[in-house]
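Structures follow.
Note that chain A is present in both complexes that follow, paired respectively with chain B and with chain C.
For the complex of A and B:
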C-alpha cells in the first residue's frame, strides 16, 4: 500500500501529471517501437520477389480446405438433425416420458422437497446440479473479468495509462453529488431489505437465489455509487468477495453432494423438511438459496467495480 | 350503482390522460434530435403520466392495501427518474464540446428543435 502511494506521488510530481492536465494523449513509447518492428518485417517480406506468389498459393489451398470441410460438416449436421427430428413424438400426441416427469413434480413435489414453490423445489432439489453449474458460470465470469481488468501494482501496464485511469476515476466520482446521495440514502436500505426478503422467501413464494441476489447486487451498486467506494470498501473488498463466493460454492457442492450420495444409496439423510409454508421449511432449499444469492450479488458488484475502476478494493485509489 | 359509474368514469378519464401523456412522450423521444429535448419529453412520461395512471388505478382499487402498494412504484419512479435524468444532463454538459454552438443556434432561431 505504501508502495502505491509512493509511486503515485512520484508520478504526480513528474511530467506525466502536466500531460494529464493538458489533456494531451501522448502515445506509449513501447508501442511505437512495436509498430516500427512490425513495419520493418512487412517491408522485408514485400521485398522478397516470390512473396506474392507464396501468399496466393497458400490462400488458394486454405480456401479449398475451408470450403470442403464446411460442406462436409454442414451435410453431416443436416443429416443428424433430420434423423433426430424423425425420432421426436408427433405434435399433439401425448408423450409418456414428459408427462411422467411433470406428474411426479406436481403430485409429489411438495411432499418430497417440502417447498410450496414448486419451481424452487425443482431447481434446487431435483435439478440442483444444474443450478450449481449456473453459479459456477457466474463465478468463472467474475474470475475472467478479474484477470483481464484488475489494476494492481504487479500488473501495471505502463505507468502512464493506469495512472491516468485512476485519476480520471477520482475526477468522475459521482458520490459528491447531492441528488444521488439522497436517492441512495433513501433507497439502498429499502432495496437491500427487499433483496433479503426475496432471498429468504424462495421456498414459499416466487423468488429465490438468482432474483434476490440480483436485487442485493443492485443495492450494493447503488450504495457504492452514492456514498463513494471508500464507504463500501470498509465492509467489502476483493479478498472478502473471493472468500465469500468460494465458501458459498463449496457449501453448495458439499451439501448437495451429501444429499445425492445418501439418496442414491437409499440412506436416510436426516435433514428436516419442516412444515410447508413456514420460512424454515424445504430442507436444504433455504441455505442453498442463500448460497446462490450470495454468489450472484458478489458477481454483480464485482463486475460493476472492476469495470468502473479496475479493482474491488480501494487501495489503488490515491 | 351511480357511485360505481362515477368511479368508472373517473378511472377512465385519468387513464386516458395518462395514455395521452405517454403518447406525447414517445412522440417527443422519436421526433426531437437533441438529447436534452428528448430527455424533457421522456420525463413527461415518467412523472406526469405515471402520476395520472397510478391515481386512476387507485380510484378503481378495491382494497386499501392495493392503494398502498400502488404508491410504491410512484415513489420509486419519482425518485429514480429525476436522478437518472440529472446525471444524463450532467454528462451531456461536461462531455459535449459543441454544447454552446447548439445553444447559440437555438437563440438565433436557426434551429427549431430539429
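For the complex of A and C:
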C-alpha cells in the first residue's frame, strides 16, 4: 500500500492532491476538481505497468491467506461438531439422565393438560413460557425487518436514484402469469383451510400454533403472489395486523400469567379441561394455539410483504 | 434391512449431497432451489423419525417461506436478468 501511495504522490502533479495526502487541506478544492484529479490519477496508475503487478501480487497473497484460514476454520468446526454429536444421547435408546422428565410428560401429560397430543401439551402447558418467548422473538424480528426495509414512496424525492427501481418493484406484479394465477386459484383456499385445521386441532392431532401459523402465512403469500396485493389488502391491512398481533400477544401473556400465578400459589384455577379428544379440550391450549398461530401467520406474511413492496400492508386502507 | 432403513439411508445421503452442492453452486437461483429441495427431503426424514408436527413446519417454513424470501432478496439485489423485467413492465 505504501508503494501505491508513493506512486499517487509522484503522479499527481497538482498541489491539491499532495496536500490532501499530507493531511493539510489549505487550498479547499471543489468537488468537481477533486473528481477530475481522482480520474486522472486512476488513469495514469492503470497505464503504469508496475501497478498491475503490485495489485496482482497483493491479490495472490490475500487469496492464499484467505483460503488457508477458511480451510483451517472449517476443519476445526467440523471436528468440534462431530465431537459434540458423539456426546449426544443415542437416538431411540433410553437415557437414565433425561428419561425422568419424559416419563412424567408421557404418563401424566394427558391427565394434567387434557391434551391428547402430548407435544402440544408440552409446548403450551409445561413449557408455555418458552413459546411466549418464541412468539416475542418473531414479533421483534418483524419490527426489525420493518425498520430496515420499510419504504415510504410519498416522502421520497423523485431525483433519488433508486426511486424508479423501488417504484417498479412496488407496482410490478407477478399476477399476470397465467400458471401462477391458476395455481393460486386452486391451491390457496386448500392451504388456508388446511392451516386453520392444523391450528384448531393442535391438541388432538400433530401440529399446533407454529405449524398452523406457518401454513396460513404460506397460503397468504401464495394468494398475494397470484392475485396481487389488492385482494389481500381487503382482508389484511396494517391496522388489522397491528391490532391482531398485539392482542394475541397480550392475551397469551395474561392467560399464561394467570395460570402460572395460580399454580405457583397453590390456588385452584377455573379453566375447564374438557373431555380429551374433543375440539374444546385441553384447557387453555386451543386459545393459546390460535394466538401463536395468528402471530406467526402475520409475521410470515409481513416478511414477504416487506421484502416485496416495503410495507406490511397498504397504508390507504389501514 | 427393511424398507424404512433403506429409504432413510437414501434420504440421508441425498441430504448430504444437497448440503454440499449448495456451497459449490456458482449461480444463486439454482442454489436457492437446491436449498428448498434440502428442506423437502428433511421433511420426509422428520416423518420417518416420527415427528409429523416438525415435518409440517419444515415443509411450510423451510421449503415455502424461507425459499420465497431468498427469491425476493435475489430480485431486490437484481441478481437475475434486469432487462427481462423491464420488457415485462413495458408490455403491461
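Note that the second predicted complex is superposed on the first by the 200 of 318 C-alpha atoms of A that agree within 3 Å, B and C clash if a C-alpha of one lies under 4 Å from a C-alpha of the other, contacts with A are read in each partner's own complex, and residues count from 1 in each chain.
The rule is short, and it goes like this: a contact is a pair of C-beta atoms (placed from the backbone, for glycine too) under 8 Å apart; a residue touches a chain by one contact, two chains touch by 3 or more.
What you are looking at is a predicted structure, and each value in this text was computed from that prediction instead of being measured.
Enquirer: Looking at the overlay, does A:122 come into contact with chain B only (first), chain C only (second), both, or neither?
Expert: neither
Enquirer: Which holds for A:180: it touches chain B only (first), chain C only (second), both, or neither?
Expert: first
Enquirer: Report for A:199: first if it touches chain B alone, second if chain C alone, otherwise both or neither.
Expert: Touch partners of A:199: none, neither chain B nor chain C.
Enquirer: Touching A:285, do we find chain B (first), chain C (second), both, or neither?
Expert: Touch status of A:285: no partner.
Enquirer: Between chain B and chain C, which makes contact with more of the residues in chain A?
Expert: When the residues of chain A touched by each partner are counted, C comes out ahead.
Enquirer: Does chain B (first) or chain C (second) touch A:248, or do both, or does neither?
Expert: neither
Enquirer: For A:142, select first, second, both or neither according to whether it touches chain B, chain C, the two together, or no partner.
Expert: In the superposed model, A:142 contacts neither chain B nor chain C.
Enquirer: Taking the stated contact definition, name every residue in chain A that is touched by chain B in one complex and by chain C in the other, in rising order.
Expert: Shared contact residues on chain A: none.
Enquirer: Sort out for me which residues of chain A touch chain B in the complex.
Expert: 174, 177, 179-180, 183, 186-187
Enquirer: Going by the contact rule at the top, pick out the chain A residues touching chain C in the complex.
Expert: On the chain A side, the touching residues are 91, 119-120, 168-169, 172, 176, 198, 206-208, 210-211, 214-215, 217-218, 221, 300, 303-304, 307-308.
Enquirer: List the residues on chain C that touch chain A in their complex, please.
Expert: Within the complex, chain C contacts chain A at residues 49, 51-53, 56-57, 60-61, 64-65, 68-69, 72-73, 75-76, 85-86, 88-89, 92.
Enquirer: Please output the residues of chain B touching chain A within their complex, sorted ascending.
Expert: Per the touch definition, chain B meets chain A at residues 76, 79-80, 82-83, 86-87, 90.
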